[in-house]
Structure formats: structure tokens, C-alpha cells
Amino acid sequence: MSQFAKSFLPSTRGEWSSRATFVGVAILFLFVFPAWLSDSRLDLMSSYVAYAIVALGIAIAWGNGGMLVLGQGLFFGLGAYCVAMYLALVEVGGAPNLPQFMTLLGSQETLPALWKPFNNLWFALSAAVIVPVALAATLGTLIFRSRIRGPYFAILTQALAGAFGILLIGNITLINGTNGITTSFSEIFGLKLAEPEDQKVLYTICVIALGVAFLLSRQMLKSRYGRLLLAVRDAEDRVRFLGYSATKIKVIAFATSAGLAGVAGALFVLVGPKIISPASVGIIPSITMVVWVAVGGRASLAGAIAGAILVNTAEFEISSAAPEYWLYFQGALFIGVVAFAPQGLAGAATWLKSKITSRGDSGATSTAKPVEEAA
Amino acid sequence: MEAILNQLFAGVSYGSILLLIALGLTFTFGQMGVINMAHGEFIMFGAYTTYVLQEVLGKDQITYAFLLSLPIALVVAGAMGLLLEITLIKRLYGRPLDTLLVTWGVALVLQQLARDIFGANNVEVVSPSWLDGGITIAGVDMAYNRLFIIGLSLAITAAAWVVVGKLKQGRRMRAVMQNRQLAGASGINTPSVDRRTFFLGSGLAGVAGVAITQLGSVGPNLGTNYIIDAFLVVIVGGLGHLRGAVIAALSLGILNSLAEYWSSASLGKVIVFLAIVVFLQFRPEGIVASESRGLA
Amino acid sequence: MEITGEEYAPLGSTEFSTIVNKVKASDSDAVFNTLNGDSNVAFFKQLDGAGLPSSKLPIVSVSIAEDEVRAIGADKVKGQIVAWNYYQTTPGAANEKFVKAYKAAYGDDRVTDDPIEAAYVAVYLWAAAVEKAGTTDVEKVKEASKGLEFDAPEGKVVVDGENQHITKTARIGVINEEGLIDTVWESDGPIKPDPFLETYPWAKGMKPVDG
């Protein structure tokens, strides 16, 4: 059995300790944070929790599949806009009323066809996942089939996120362009987005969604498919020669990451700043999402979550205390982690654990060393 | 019709800027497989070099400062590239995705550095008076600054052609590009060739920056506006081939302009992107094929 | 009036050749320009390159102030139209003092403009509100700020009790050769702020926000 496969069959002791950690973290997020953090801090934490779901997807596609996805902002944005359009219609009493910004701009006489189906909550929620997944599956098939990979794939995803951002900016009459769509004064499932008490419920929904996404992703990576994905990451051609469709394996991982980003986007417009605009979906936000995962440890799901929450917290603290230093800090963090500590926080945790127990291989979940494929 | 000719001219002009930027990338990306995201910031520092020279030499020496800034920006940006190669990129060979991310971190730091040195507001580079205005031929308005950029890009491409095709240094570069190990075994000092290639590739970014000062103002985010399109040029053009880069840059420039004209500026980028994905279905290795990307 | 076209560009764009071409091909009489900040520099440089000075194509800009004119170069935008509440040339003793102090602090070649003046006024208004309230407690300062008056460089401003915006005079100006802006029209005194669009007939149908 290969070294990678072994690492996914933790010893019983490791299993127990990771379950205890999961329960501990769940209690922290579900009960300690709501009691301890102020309303505004909890609101911020909700959006970090949504970001953590994007990070899970990146850990799957990049850390475990070797596909550097530099355009997750696109899928995040698609999920967010789908739900934001529903919320914007609810705010004005539903179709055929025009969303506030259209009335303000005086640009549309009647509700555009694109908007009509989003009057339905279930349509909007399913579109937030299905649209990103379908788009990623189509693009992924086209790109991977031509055996475009490594940096080429990364640049293409980045260009796509850039084009999407510009597309949104140009469509001011349809989607309010650069201003984006604000959702503060709307409601969903009878929960008012501006109400602090309802915000706590929405926060809990975000945390549960993250927990479910984490468990499902973990199951996915533990399965036979997960091992194939690792194999593709480390030696794509060998997998192909063994008769597997590397394209299919990669498309599934890419589409999963897109779906997770879509879910995250859908949650994002319910909490935090309650606005989605091109500023949250373009090239810069997309690459920032990769920073979280790099810091957390690219192949580790738990690391991705920790990275998303810690980096965002640090960004908030540092940029409010000394805004001019945040970019230096972010840049240095990125250079340091990627160049010198590619295992990130997860690697550090594994190292610590092995120091403490001083037993070589007890229950580490991510000892798999990410090996870059040659370009 | 006039509008379309005008748009074609705009496309050639945009394409020649992309070419100036992509030439440098073709060297570094083609030879070393390094995606240098900080390339855009070298463009930006090239542009600031022009500004600094203008401030130092005074407002009555605009032409002198502008022309002088072409070689100086080459050296400034080249030196920055060299420093980057020695300190970071060298350690990351064989890890192309990590290199991409690390150089993006460098790009962030450089942007903030520019903001701290020159201020967050853009600064103005005064155009030499002979680049103001333009001529109209057959209804096409050709601004002198755009004509200058087209000419500069032609001249630099020609120079690059000579360097790569005729000179000893170029032969070594091609040898390393085609087979690094064999080149090393034949007595070529590959690390030294890498450093020179990186110096040259980054230096060209600096020259591109000087040219861009003629189109707008100079700010910390100058490079980011062009860099993605330039990477697409390299992908479409094929690894490390000048001919591919020239064809790809002009095609993308013109396609971009026409798509923007017939749809809108925002839909144009999406159309160009889709066109590239479709193109890569037929020629995944780019216009000028080298080796298969599937089995590198 | 007929609108011949509408174009948008991302913030910070520097390539305007397509938009300039479209403007030219549309044969419009004027352009209403909402570009922000530095993109204006590239836009006007490229318009100039395409042979469209202000005498051929007047452009009304809502985000070009004296400081942007300095960056674009006055020769490329002279004669173009802008709209603000304050210009460096606005008459009055308060402004003379302000401009003099500004130049003394930042250099003779620097100019004042509306955003600079607005920031200056805001600090004084806040200080006055804090003095009146005797505390920096946000709610008390908000309460104290109602109806405050200040003799600003742009003229007297008053904080509106209902919405905390201030009354301001609207001024339309034309950029001159020195890069300063001459007022060509101004409203009859300061205008009462209406941030919730209560006096605009087209906004009648809009639902008030309950939050």
C-alpha cells in the first residue's frame, strides 16, 4: 500500500482524537463564539465561516488534485448573485416589482427575463450551486481534455475570473454594475438580515453548512475517488496509462470546488457586509482565497478552514490597526508559507504532534507531501 | 467602415503593448517554466523610472528624460528580476505553481512599496511634445504616442530576434529551453543562462512600462491591468517562440478591440476568453508547437 | 435629448481606445463622464490623441477636480465642464484664508479642490459638535451636530437636523488654462439635502426602508 493511502487510514487513537477535535471546534463555533463575540464581530465571523467553505473546495482541487484554481471568485460570485437577486426582489415585495437599484437608475421598464425565475427561493438556492457546478464541469472538460494543466490551467481560471468581474461591471442596468447588490434590508425564511437576533440564527446556519461540507469533503477524499485524485496530482500520466480517465477525475474535483464556492457565496450575502459586488469576485479576491488555503496547509481540509478564519481575522485586525502594513504582511506571509513552509499550519500541527507523542506515525491526517507536477 | 479601421488600429496598438510585455514573459516562462506574477510590477517600476527621471532632469528636458528612461528602465526592472531570481525563484524550480503564488506575494509587496515611495495617487508623466496629437490617414486617427509604441515594439521584437537567433547568448538560451540537462552536460552554465534570461525578460517589462506612461498616468496598479492578457498571449502563442508571441499578441489585441466594439467593453473580455478556450481545443500547445504539454 | 450610447469600464482602467472610438463614431454632441479619479487621466489623454479637444466635444465630468486637472495636464482638458460644490477660485474671505494656509503647508504648486475642502469642513464640524456636546460619545455628538453652522471655504454650511447631511451650493464650472476652475453657474444659495429622494417625482413608488 502506498504511503499516501496509509495516511488515510488513521490508527484508532488518531480517529478518536480527530473526532474529539471536531466536537470541540463545533462547540467553540456554535456556542462559545455567539456568547462571547459582539454582534458586529459575530457578523464578521459569519462571513469568515462562509469563506472557509470556499477554502475547503480549494483544498480539494489544489491541495489534493494539483489544480491551482485561481478563479474561485467567479463561482463564489455566481452563488452570491443568485441568492442576492432573490433577496433584492423580496425587499421590494417580489416580482413584478423592480429591485431598488433599477428604480433608482430608471433603466428598466419591466423586470428583465433573467431576474424572473429568481423570484422563487428554491430556484435561487439551487441555481447558486448548480450554475457554478455546471460551468466548472463544462470548462473543466474542455480544458482538461486538451491536457492543459499546471500554470496554464491556473492562468486560464484567473483570466476567467477577471472577465467575469468586468462583465458584471459593464452590466449596470441589469445587475447594478460596480455597485453590486445590497441585501441588508431583505429577509429569507422569515429571518430579517438586519436583525441581530436573526443574524445569530444565520450564523448558526453558516457554521452547520461548514460542518456538513467538511464531513462530506473528508468522506470524498477518504474514498477510492480521493486516492485516485491524489494519484492524478502526483502522476497524472501513470493514472491515465492504467486506464482511468484523468479528465473525469479532475473535472469532478474542479466542479466540487466550484459547488462549494457557490454555497459559500450564497451564504455570504446573508451575513457580514451583506453586499455582493464585482470587488468580491475578480482576480484579487480569487487569489486571496488561495492564500488562506496556502497558510492553512494546502492538502488539509481542517487546515483550509483554520487558514480562512485566521487570515481573515488577521486581515481585519492588522488593516484596522495599520492599514499600510497589511499588504506587506499578506505578501510576506504568502512568500514565506509557499516557498518555505508549503505544508502550512497543518504541517506545523503534524510536526508538533509528532514531537509531543514522539511516535513517528500516530494519526496524522496530512503527512502526504504535495509534489508538484512538472509543467 | 472608418470606425472599424479605427478599431483595427486600436487593436494593433493594444496588441503591440501586449507584445512588449509578453516578449519578456516568453523568455522567462518559455525557458524556465516560471510564471512570474511580479512581471506586472516590473512594468510599473519601469513607468515610475520615467517619472523619476522627468522629475530629476526637470520639465524642460522631457524628451531627453523620456528617451533616457528606456535603457534605464531596462536596467532597473532587469535588476529587480535578477534579484528575484537569485533570492526566490531559483529555490523554486520544478515547482511552477508555487512560483506563481510566491511571485504574486512579491507583486503585492512591490505595489505597496510603490505606494509608500510615490504616494497612493497616480503621478503624471508629461509626454514629449512630439508625441502629442496625431495624424489622420484614410479616416483613421493615429495618435503619435500609439504609433511610437507600435514602432518601439517592432524594434524590440527585431532586437530580440537577433539576440535569440543569432547571438551566442541566444543559442545558449534556446539550448537550455529545449533540453536543460543536455545543455548542462554540453558545458553550458545553465544557472548563469537562467539569470541572464531573467534579467532580459524582466528588463523588457521595464521598457514596456516606459511606453505605457504615454497612454495614461502612472500608479501602483499599472501592471495588473495588462498582465493577465499578456499571459494569455504566451499561452496562445506557444512556449518560448517569438513568432508565436507576435501572432498571438496582434490577434488577441485585434480580437479584443473588435469584440469590445461590436458588443461592449465588458462582454468583449468574455468573448476573447471563450475564443481562447475554443482555440486551445484545436491547438493545445499554442500557435507554434514545441513539445506536448501532456507529457512534459 | 437623445442618449446615443452608454459605456462602462472597470475602476482603474487605462485602455480607452474602444470607448473613444465609439464616442467618435456616435457623432454625439457631448459626453457625460462619470469616470473616477485616475482613469480620467488615461481617458482624456486618449481623447486628445484621437483629435477630440473640448472645442469639438464638450465633456461634463463629475469626478474631475483641480487636483486631477493637475495630473491630466490643463492643456488637454481646458474648456471642459465639471460639477462640484467648491473650487479653489470660489470667492470669500474664508476660502482665501484656506487656500493660503493650504499652499503654505503643502507647497505653492499644489491646488485645493472640493474633496479636500469637504474633508477640512468635516473635521471642523465634528470638532464643533464635540465642543457643543462636551463629550466624544457618538450618540451625543450626533445630537449636538443638528443645525450646526460653519463658515466654510465654499460658503456657509448647515448640518441638516433630519439626516445629518449638510446644505451645499451646487456649482458648475469650466476648466481654464491655468488648470483652475471658473464657476459659470451656481444655485440660489445652499440646497437642502434630500438623501432619501423625497422631492423627486420619479422616486415616488419606492418603498421606504424599514430597518
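Chains: A, B and C, in written order; residue numbering restarts at 1 for each.
In this text, a residue touches a chain if its C-beta (ideal position, glycine included) is under 8 Å from a C-beta of that chain, and two chains touch if they have at least 3 such contacts.
Labels paired with UniProt names: A = Urea ABC transporter permease subunit UrtC; B = Urea ABC transporter permease subunit UrtB; C = Transporter substrate-binding protein.
The structure displayed is predicted, hence computed values, not measured ones.
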{"item": "Chain-level touch network, classified as line, ring, star, complete or other", "value": "complete"}
{"item": "Contact-richer chain pair [A-C vs A-B]", "value": "A-B"}
{"item": "Where chain B and chain C are represented by their mean Cα positions, the distance between them in whole Å", "value": "37"}
{"item": "Averaged-CA centre spacing for the pair chain C and chain A, given as whole angstrom", "value": "40"}
{"item": "Centre-of-Cα separation between chain B and chain A, whole angstrom", "value": "32"}
{"item": "Sequence positions of chain A contacting 2 or more other chains", "value": "166, 169-170"}
{"item": "Of all residues in chain C, the ones touching two or more other chains", "value": "8-9"}
{"item": "Numbers and ranges of chain B residues touching at least 2 other chains", "value": "264-266"}
{"item": "Contact set on chain C toward chain B in their complex", "value": "7-9, 12-15, 17-19, 21-22, 24-25, 37-39, 41-42, 45-46, 48-51, 67, 70-73"}
{"item": "Interface residues, chain A side, partner chain B - complex", "value": "62, 66, 68, 139, 142-143, 145-152, 154-156, 158-160, 162-164, 166-171, 237, 283, 287, 290, 294, 324, 327-328, 330-335, 338-339, 342, 372, 374-375"}
{"item": "Residues of chain B defined as touching chain C within the complex", "value": "2-3, 6-7, 10, 13-14, 121-124, 126-127, 132-134, 136, 141, 143-146, 212, 214-217, 219, 221-222, 225, 257, 260-261, 264-266, 268"}
{"item": "Complex contacts: residues of chain A adjacent to chain C", "value": "91-93, 100, 103-104, 106, 165-166, 169-170, 172, 177-178, 184-185, 194, 278"}
{"item": "Complex interface listing, chain C residues touching chain A", "value": "8-11, 197, 202-203, 205-207, 209-211"}
